[in-house]
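We just call them A, B, C and D in the order they show up, numbering each chain from 1.
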Amino acid sequence: MSWAWFHRFASPPYFYSLTLRLAPWLGWPAGLLIVGGLYGGLVLAPPDYQQSDAFRIVYVHAPAAWVSLMSYSLMAFAAAVGLIWRMKVAHAVAAACAPVGASITAVCLVTGMLWGQPMWGTYWAWDPRLVFELVLLFFFLGYMGLRSAIDDVSRADRASAVLAVVGVVNVPIVHFSVTWWNSLHQAPSVMRMQEAAMPASMLVPLLMSFLGFTLYFYAVMLVRARAEVLRRDRGGSWVRDVLAARGKAA
Amino acid sequence: MIREPSALHAAAQILRRDLKLAFRRPGEWLQPVAFFLIVTMLFPLALDPELSRLRQLAPGALWVAALLASILAIEFLFREDGRDGTLEQYALSGHSFAWLLLAKTAAHWLLTGLPLAIAAPLAALGLGAPAAALPGILAALLLGSVSLSLLGAIGAGLTLGIRRGGALLSLLVLPLAIPTLVFGARATQLAIQGDSLAGPLYLLAALGVFGLTLAPLAAAAAVRISLE
Amino acid sequence: MREFLDMSGYAAYVWPSVGLTLAVLLANVYWARRLVRSAQAEARRRLASGAQS
Amino acid sequence: MLEVSGLHVWRGERHVLKGLSVQLAAGQALQLLWPNGAGKTSLLRAIAGLLPVEAGQVRWRGQDTEADPLTFCRDLAYLGHDLALKGDLTAGENLRYSLALRGRVAPADIDAALATVGLTAVQEQLVRRLSAGQQRRVALARLTLWDARLWLLDEPAANLDAAGQALVVAAIEAHAAAGGVAVIATHQPLALSTGVSSLWRSPGEPP
C-alpha cells in the first residue's frame, strides 16, 4: 500500500497530467516571488554598510548558487532512482534538470564575477565558491555532452545516470579539496553577507528570492520533464488521448 | 575439465593476458610516458629556465602533465576489448563484471600509471626539484595515478562505443580528477620544499581506496550499457 | 529615481547581473515550452506513422 | 530447460521483439532463420542478458535468469559476431586465457580441441595471421571446451567451408546428445538431424 503512490508517480500518463496541472501552480507564485524579492532587494532594502549597493547582486547570485546545487542533487537522485527501479519518469526528470541547472549555474558564475569586480577589483578570483560552481558547470556540461553523444534514449538515460551518480558522490570531495586548497593559498576573502546582523528588510526579500528561484526551477523542470516523458513513450494509447485533448484546447 | 571458477584465478589471467598483449606491442603503452616527459619539458621552454622559479611551478606542471597523459592513455583501456567481443565474454563469464574490469584497470595501471610515476622523478629533476624530494614525488604519483586510472575507467566505460569520444572523455574525467590534482600537487610542493607530505599523501591514499571500492562498480555499469 | 538607477556607482555591475538573470530565467521558460511543442509534434508524427503500418 | 515467455525488446525507437515465446527441452537445438533485421541477434543477446528486456522473462532450469545472472552465465556459452579472439595471441594462448575465466583446462584438452577443428598445424601462429574461417574454427574449439549447457550461436557457420560447417554441425549434435540446448541464428539452415533441431522461419510463426 505504501508503494502505491510510487507506482502511480512512475506511470507516464499520471506524471504527464500531474505536471500539466502542477506547473502553473509553481510557475506563477515563482514569478511573483522573484519579482517581489527583487523589488524588495533592489528598492526597499537599505544599502550594506560595507558593500554599499553592490551587495544587491546577492538577490540573484545566492539563489542561483542554491538552485545550481539543488538541481544537480535532484538530477543525481532522479538518475539513481531511474537506474535502480528502471523508471522512465525518473530518467525524464534527470534529463530535464540538466539544461535548467546548467544555465542557472552559469548565471551564478557570471553574477559572481560581476560582484567580484567591485569588491575584489577583479572579475575572477580563485575563490573556492566560484571554483566549485565552475566545477559544477563542468559536471553539467559533461552530463549533457554524454547524453547528446548517445542516440538511443534509453541507453543515454542509463549511461548519463551512472555519470550523475558518480558526479554527486564526487561533489563533496571536490568541495572539500577546493576549500582545503584555498586554505593553503589564502585567496581574497569570500563574498559573504553579515549573516548575524542582517535586518529583516534585507533578509525577507532574500528569502523570497530563494523560494521564488526554487519554485521556478521546479516549474520549468516539470515542463521539460513532460516533454521528456513524451519522448520516452513507446506507443502507449495515452499519448493519443493527451494529444487529442491538447488539440481541442488549442 | 575441472570446474573451478575462482574469481582470483580469473582476474590473474586477465592481468597476465593484458600484460602479454602489451609487451607484444610496446609502442602503445610507452607513448603516454613519452607524452608526459615531453609536456614537462615544454614548461621550461615556454616559461623560464631558471631553476629556482621553475621549482615553484614544478608541482603544477608535473601533475597537469600526468593528468593529461593518463587521460590520453585511458582511452584505450576498453576500446580493443569492446570491439572484438572480449568484454561481452567477460560480462557473460559468470564472474563479477566489476571484479574483472578491476583486473583490466590494474593491468592498465601497471602499464601506464606505474611508468608515469617512475618517470616523474626524472621530470621533476628537470624542473628543478632537489634530489631529496624525489621519493616523495614518486610516492605521490604512485598513489595519485591509482585514482586517475580508476576514474578514467569510469569515463572510458561511458564513452566506449562513442565515435570520437576522446574529447568527451576528458570533459567527463578531468572535473572528477580535481581532488587528486589538488592533493597530489600539494604533496609534490611539500616534497620540493622539504616539508612533511604525510597529510596530502593520506588524502591521496584515501581517494585511492575510495576509488577502488566504488569505481569498478560504476565502470561495470557503464561498460554494460555501452555494450548493448 | 536617477539615484536608484545609479546604484551609488555600482550600476555597471548590479543591472547586468539582474538583467542577465531575468533573461536566462525567461529563456528557460521559452526553451521548455518549445521542447514540449517539439516532443508533441514528434509524438504525433510517430502516431501517424504507427497507424499506417 | 530454456523458456522464453512474452519477450519484448526495443532497440532505440524500434520494437524489435514483440512478445516472443519459445521453449526448448534438453537435447534440443533451435535454428532461427528469420530474415535480416528481424532480430535474431537481439533475441540471442536478450537471452544472454546483454540486452535489457522491456517485458517478459527468460527462464533457465526453471529460474528467472535475471534473478541470478552469474549462475546462469556459468551454464552459458555465447558466440557472437565478434569472436573475442586477440590477434596478437596464438590460437593456443587465446583458448588458454579465455578458458581460464571458466575454470582450469589441461593443455592437452586444448591441443585436442584444436586438432578436432583441424588447426594443429597453425596452433602456434598469431591469430591475426589466420584466415577468417580459421579464426571461426578457433572459436568453435573454445565453444566445445567451455562445457556450457546452453549455447547461443550467432551465425556459427559464417566464413566456413563445407568441412568447417560439418564441424559446426557435429559439435552441435554432440552438444545436444549430451543434453545441451542450443539457439542458433543462421541465414542458411545447418544440416542438423531433424530429431534434434527445429526451424523457426520468421518471428510471426512460432516453430
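Here is the rule we use: a residue touches a chain if its C-beta (ideal position, glycine included) is under 8 Å from a C-beta of that chain, and two chains touch if they have at least 3 such contacts.
Quick caveat: nothing in here was measured; it's all calculated off a predicted structure.
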item: Set of chains adjacent to chain A and to chain C; value: none
item: A-B compared against A-D, more contacting pairs; value: A-B
item: CA centroid of chain A to CA centroid of chain B, Å; value: 33
item: Length of the line joining the C-alpha centres of chain B and chain C, rounded to whole Å; value: 42
item: Inter-centroid spacing, chain D versus chain A (mean Cα positions, whole Å); value: 48
item: Rounded Å distance between chain C and chain D, as computed from the means of their C-alpha atoms; value: 53
item: Residues within chain B bordering two or more other chains; value: 228
item: Residues of chain A whose C-beta touches two or more other chains; value: 152, 235
item: Set of chain D residues in contact with two or more other chains; value: 52
item: Those chain pairs that satisfy the touch definition; value: A-B, A-C, A-D, B-D
item: Residues on chain B engaged by chain A in the complex (per definition of touch); value: 154, 158-159, 162, 165, 168, 171-172, 174-176, 178-179, 182-183, 186, 207, 210, 214, 218, 221-222, 225-226, 228
item: Chain C residues within the chain A interface of the complex; value: 4, 7-10, 13-14, 16-18, 20-21, 24-25, 27-29, 31-33, 35-36, 38-40, 42-44, 46-47, 50
item: Sites on chain A touched by chain D in the complex; value: 86, 151-154, 234-235
item: Residue ranges of chain D touching chain A (in the complex, touch as defined); value: 10-12, 15, 52, 54
item: In the complex, chain D residues that touch chain B; value: 45, 48-52, 70-71, 73-74, 76, 78, 80-86, 88-89, 93, 97-98, 100-106, 109, 145, 147
